[in-house]
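Take this structure first; my questions come after.
Order as written gives the chain letters A, B, C, D and E; numbering starts at 1 within each chain.
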Amino acid sequence: MSESASQTLTSETTDSLRTIIDRPGLLWLDLKDPMSRALDDLSAQYGFHELAVEDSRHYEQLAKVDYYENYSFLIINATHYTEKPCEVRLREIDAFIGSDYIITVHDGPSLAVAELEKRIGTNAKHFERPDQVLHAVIDVVVDRYLPTLDHIGDTIDTVQDDLLLNPDVTLLSTIFALKRGLLQFRRAVSSQRELLNLLIRDDTPFVHEDMRIYFRDVYDHTVRAMDLVETYRDLLTGGLDIYLTQMANRTNDIVKGLTILATIMLPLTLVTGYYGMNFENFPLIKNPNGIWYVTGALVVITLAMLAFFKLRKWI
Amino acid sequence: MSESASQTLTSETTDSLRTIIDRPGLLWLDLKDPMSRALDDLSAQYGFHELAVEDSRHYEQLAKVDYYENYSFLIINATHYTEKPCEVRLREIDAFIGSDYIITVHDGPSLAVAELEKRIGTNAKHFERPDQVLHAVIDVVVDRYLPTLDHIGDTIDTVQDDLLLNPDVTLLSTIFALKRGLLQFRRAVSSQRELLNLLIRDDTPFVHEDMRIYFRDVYDHTVRAMDLVETYRDLLTGGLDIYLTQMANRTNDIVKGLTILATIMLPLTLVTGYYGMNFENFPLIKNPNGIWYVTGALVVITLAMLAFFKLRKWI
Amino acid sequence: MSESASQTLTSETTDSLRTIIDRPGLLWLDLKDPMSRALDDLSAQYGFHELAVEDSRHYEQLAKVDYYENYSFLIINATHYTEKPCEVRLREIDAFIGSDYIITVHDGPSLAVAELEKRIGTNAKHFERPDQVLHAVIDVVVDRYLPTLDHIGDTIDTVQDDLLLNPDVTLLSTIFALKRGLLQFRRAVSSQRELLNLLIRDDTPFVHEDMRIYFRDVYDHTVRAMDLVETYRDLLTGGLDIYLTQMANRTNDIVKGLTILATIMLPLTLVTGYYGMNFENFPLIKNPNGIWYVTGALVVITLAMLAFFKLRKWI
Amino acid sequence: MSESASQTLTSETTDSLRTIIDRPGLLWLDLKDPMSRALDDLSAQYGFHELAVEDSRHYEQLAKVDYYENYSFLIINATHYTEKPCEVRLREIDAFIGSDYIITVHDGPSLAVAELEKRIGTNAKHFERPDQVLHAVIDVVVDRYLPTLDHIGDTIDTVQDDLLLNPDVTLLSTIFALKRGLLQFRRAVSSQRELLNLLIRDDTPFVHEDMRIYFRDVYDHTVRAMDLVETYRDLLTGGLDIYLTQMANRTNDIVKGLTILATIMLPLTLVTGYYGMNFENFPLIKNPNGIWYVTGALVVITLAMLAFFKLRKWI
Amino acid sequence: MSESASQTLTSETTDSLRTIIDRPGLLWLDLKDPMSRALDDLSAQYGFHELAVEDSRHYEQLAKVDYYENYSFLIINATHYTEKPCEVRLREIDAFIGSDYIITVHDGPSLAVAELEKRIGTNAKHFERPDQVLHAVIDVVVDRYLPTLDHIGDTIDTVQDDLLLNPDVTLLSTIFALKRGLLQFRRAVSSQRELLNLLIRDDTPFVHEDMRIYFRDVYDHTVRAMDLVETYRDLLTGGLDIYLTQMANRTNDIVKGLTILATIMLPLTLVTGYYGMNFENFPLIKNPNGIWYVTGALVVITLAMLAFFKLRKWI
């Protein structure tokens, strides 16, 4: 069936539908515009359920697998990370998989599919069954998680160092952007992990026994990714705590500065105020050296204060 | 039975009880006043359990399904969202479902039922069994969740931007209103999800095999809604953290301003106080340019202070 | 056995032991003093296990059910709520239930039992088996939960409004009293829910098939009560957050006020200090209008400051 | 076997090994020094596994049960509470239990074993099988939990009252000591609960059917203890929140006091500064009553300020 | 097979591959450079799966076990702790285990393997099967956890005492370093615990019945380690709370000092300002003792203030 199917389809191939592999036992079609008529044609030809087709036309859905009689429908969650501003976006690759064909659907060009095409060019013999293609797609997608997490981890390290050395309000927005990004990431990874958990546990109709260990390997990667996501969330929450305690420290420092200043200045002002009073019979006032005595007293008071603060390790 | 039942009931139809569909195999009655006598009559005719009837007359209950011998009773949770003030209210649609009939009960007009009536007008052929009606009702109710969540999500985005740019105490009440709304929403969605989970797992007597995949699709929507609710709760908690840190920042800024002012003013005051002392033998005091020397010193001190603060990046 | 048992017991009835129902198939004895000798007599007559008797004589235990060979022993958690000061106390009703008898034990008069006696007076026909009495007791106890929760919910609403409008330290003690009350309440409700969960799931020896749906209905009420308890705890925690942010706001407002005052006053003081210096050759000092020029300058400075603060929206 | 075993052992009894019960069907040996050679002898005689012997010689292990072929090995967690400073220490009682013997091992004298010996003196007939001894030991140990928790609960109540009336930094260390104590306690109780859960669920080889209900009773006590531990932890966290909000309150009060003082003093200082200027043509300055007008003005300003603050309820 | 295998391999032994035990029924090979060609040779000889070989060449993976047909592949997590700066690093020991051989792979010298070699030198008879070697390796690795945790626990104690006595910003970085370290540690220990849980539960092909109790003993140690990790995390979070409350205390103290100073100084300044006014008809001003009256008043005011603060326990 796949043979003839492929021939029929090639004749009506549009820009968006391409045949990537077409050999006995495996037809891989890739469709990069889920809204195109080509999907309707394929759906009619293979008898896809209306719900699956509808799902493949929606975006930002979480990973899942639905088993139908002759085929299965999967949603795979890819992620796209931009560093400035730190943002994680969900990408979606959908797949219809039957006994001898796999149809991948995505909106716009997919980096994962592109990379696989390159690999096939050099090493096509690893792709003989649909589950091998499926594994390769998921593997490429999941392999992208860890570099993204490393990026995020490095950013968190930088942020934490900055928080201890020069805490700044702009770090706050970075922290919250990272937090938001991790929440997005977690949604993608956790549903992807659940999907892989199903693929390795169930009697999945389209996964052959010898491929199960490979899917399990990808599953281990998603477990590790989740583990890192949780660690990073903990560290980010800790980062916010550092910020708050640093702010509390800074308030203390500023208020301490103000207090030291006031403690030195107010007594001096009192002394000058004292000698500014208009009493006629004022000691020292007519003494020619009176002004120097007082000036000396002012200097002594200041130095005594400074020594006192030094002693208390306030300055 | 449904045939004759429908005829009997039409004769005694009140304002609140309407027959929406009446065809072989499916009778759909809709009752918009659960307190009316019509419910007692229906209950007597179909032999509904007193507990089910009582439940359908209470409001604000969580979604559930009770299986009785010849029929089942369901509570479905709709939500009603008003934006200003942000508030989520639970609405309830109850359903008695038998082999060839479904009776929906709700207090006052229901938007979901109204929308379904419109659809039936254009496309009645999809409604041939009670479980199809039930699915349609739940589907319409659950489809309402996501726009509501999008609204809430947009509000949260606006609030978070405002928190970083101009934090204001009125944002606090918005945050707490959103929090309260999400708590309400979560109660509705989580019990609804449990309900759907039962409908797709159990050997539910009234759900036919071919409808199960449709109920599963609705279930996936509730899972996604819950997922968003949790993400939004996290973001709101983060929002409160932003507010608190911004308050800490602002306190620091204000106290810093006060400290800078005091640091500039107090030395100047000290100088004027010094020359305000009444000593007779005072240097400069009789010098005709003395006042200009001192005034110059005051200006120099001020500028030096400002330069110092500039250097320390305080201003 | 219950017939003769009842006759034996009636003869030795004390104040604390009363026969509420005594008909074929159902003997309901109520004992309002677990320390009385009557319990020992009953225990000897029916062969109750020493552990069960001991349990019925302790207070503040959590709800549970213990199955013995010919009877079962239950602890039911009632709650008693007092509004000022907000406090939740655990009350306990214990029950020994056999095939044709039920013995309820409680310390002091029980509102639940009293209410049931009233109902029996008007409608005794609903009580024909021990499990119906048990259901009635639990139902009355659980029905009390929701009004209590409504009270608590209303208090929380009032508290939250007060927190936003006029935060006050006395609100703190109210919040913590509510928190403590909810913790107590949660202990009672959650163990009661577990008890009911056992009664509807297990092959409970003393619950007849037709009563199971009634116990399930009570179970649903406890689930809803727990759900509300959790929602209220969340809101209370939020209330504490409001209080803290309001305190931060108030600190800011006070410090801002101080800063504004200092900013206006210090320059004015500087000017008066300047003209208070004793230089002989002082500009303006001998000008007859000098004082008015300076006074004018002071007024202008003040107004300029106020305008500046107005512009910055500080006042 | 136990007969001869007991005879052999009595002959070589050291200070640390004592025979508490020795009757047909039950030999209870108690060893208060796990490092002594007696344990090696017993181990050789009964064929204990090296791991079990090693475990009985380590301290601060969590409760557990290990099943071996002819015997089982249990670690039971007792707790020791000292009030000042509030501290909870783990004590450990280990037990080897076979079909007709039980050997308890502990480091130093055990209050639990001492109390049991007293009971046996008065009522030896309850101890006929090893599982009855085991139950008695665990029962005594677990009965100690609740008084400890009551002590902790009372301390928490006192602390919370103090926090609202006179918050003090020493309360902080009490709170953290209690927190640490509860963490220790929780470790002991939760593993003890798991142990009891195993004893009542599994087909435990050494627990007879009629004792299961007694173990279940102890299990209920550990559940209640855990429940209280969690409640207390919640209250302690709340206590820290009270402290922080009280600190925020106090800061506000102090700053408010400073602001009030400054608001009253600064205008007065301005007025005196104004009349301290040296202009020759000064209004009022030569008026004999000028000083009284100004003094009056100072008094009026002060009273007006105070009235204003009174009105605003600041003082 | 192992016999001949060992002979073949010895001939091509490189620096990194060593034969530790080679007796009938057990060949233990240790490879300290997973990148070396020796691993490829071994893999070819024993038929290891490409995924297992690849895993053994990656670092920082979490503990796991993969079962293949004739052998199993394990990753074991060792930890390496450095005190200054407090840091926990994951080390990894991988193992291929078959019916009569075990191959351990690690990057660089392994302390665990080195220690085992020493033990074998003195007591080789305990190592007769691969599962005994595996147990020994895991046992040594897990035994390292507790000393590390004790170190961390001691550091936490010191930090908490410091926090109460002299809170300092450098303690913050220590707390966060400990937190980060514990997060790393927890990842290692929790996956190790899961691994051991699998080894004692499953029908693990390579673990003999009599070794299961030994693996269970190691499992108990990981449970205890996890338990301590959680306790320490709780204490660290508490440590941050102490820091924040101490900062709040300190702010209060500083602001209180400022307020006391201002409260004493401002009235004094007012008095001197009052007598600095230039009114001609000034009471006391011409009185020869006027200055002493006023000076006395200043002293009295100061003493009264100090007494007042003393009374209020502010100083």
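In this text, contacts are C-beta pairs under 8 Å (C-beta built on N, C-alpha and C of every residue); 3 or more make two chains touch, one makes a residue touch a chain.
Predicted model only: the values in this text are computed from it and were never measured.
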Check: In this assembly, which chains make contact with chain A and also with chain E?
Finding: none
Check: Can you name the chains that touch chain D as well as chain E?
Finding: none
Next item on the list: Return the distance between the CA-based centres of chain B and chain C, expressed in whole Å.
Entry: 25
Margin query: I'd like to verify one number: the distance from the centre of chain B to the centre of chain D, where each centre is the average of its C-alpha atoms, in whole angstrom.
Written below: 40
Checklist line | For chain D, residues that touch 2 or more chains besides their own | finding: 244, 248, 251, 255, 258, 262, 269, 273, 276-278, 282
Next item on the list: Please categorise the chain-chain contact pattern as a line, ring, star, complete graph or other.
Entry: ring
Checklist line | chain B residues touching chain C - in the complex, by the definition given at the top | finding: 49, 51, 55, 61-62, 64, 66, 68, 169, 172-173, 176, 179-180, 183-184, 187, 240, 243-244, 247-248, 250-251, 254-255, 257-258, 261-262, 265, 268-269, 272-273, 275-278, 282, 284-291, 294, 298
Item checked: In the complex, chain A residues that touch chain E -> 160, 164, 213-214, 216-217, 220, 223-224, 227, 231, 234-235, 238, 241-242, 244-246, 248-249, 251-252, 255-256, 258-259, 262-263, 266-267, 269-270, 273-274, 276-283
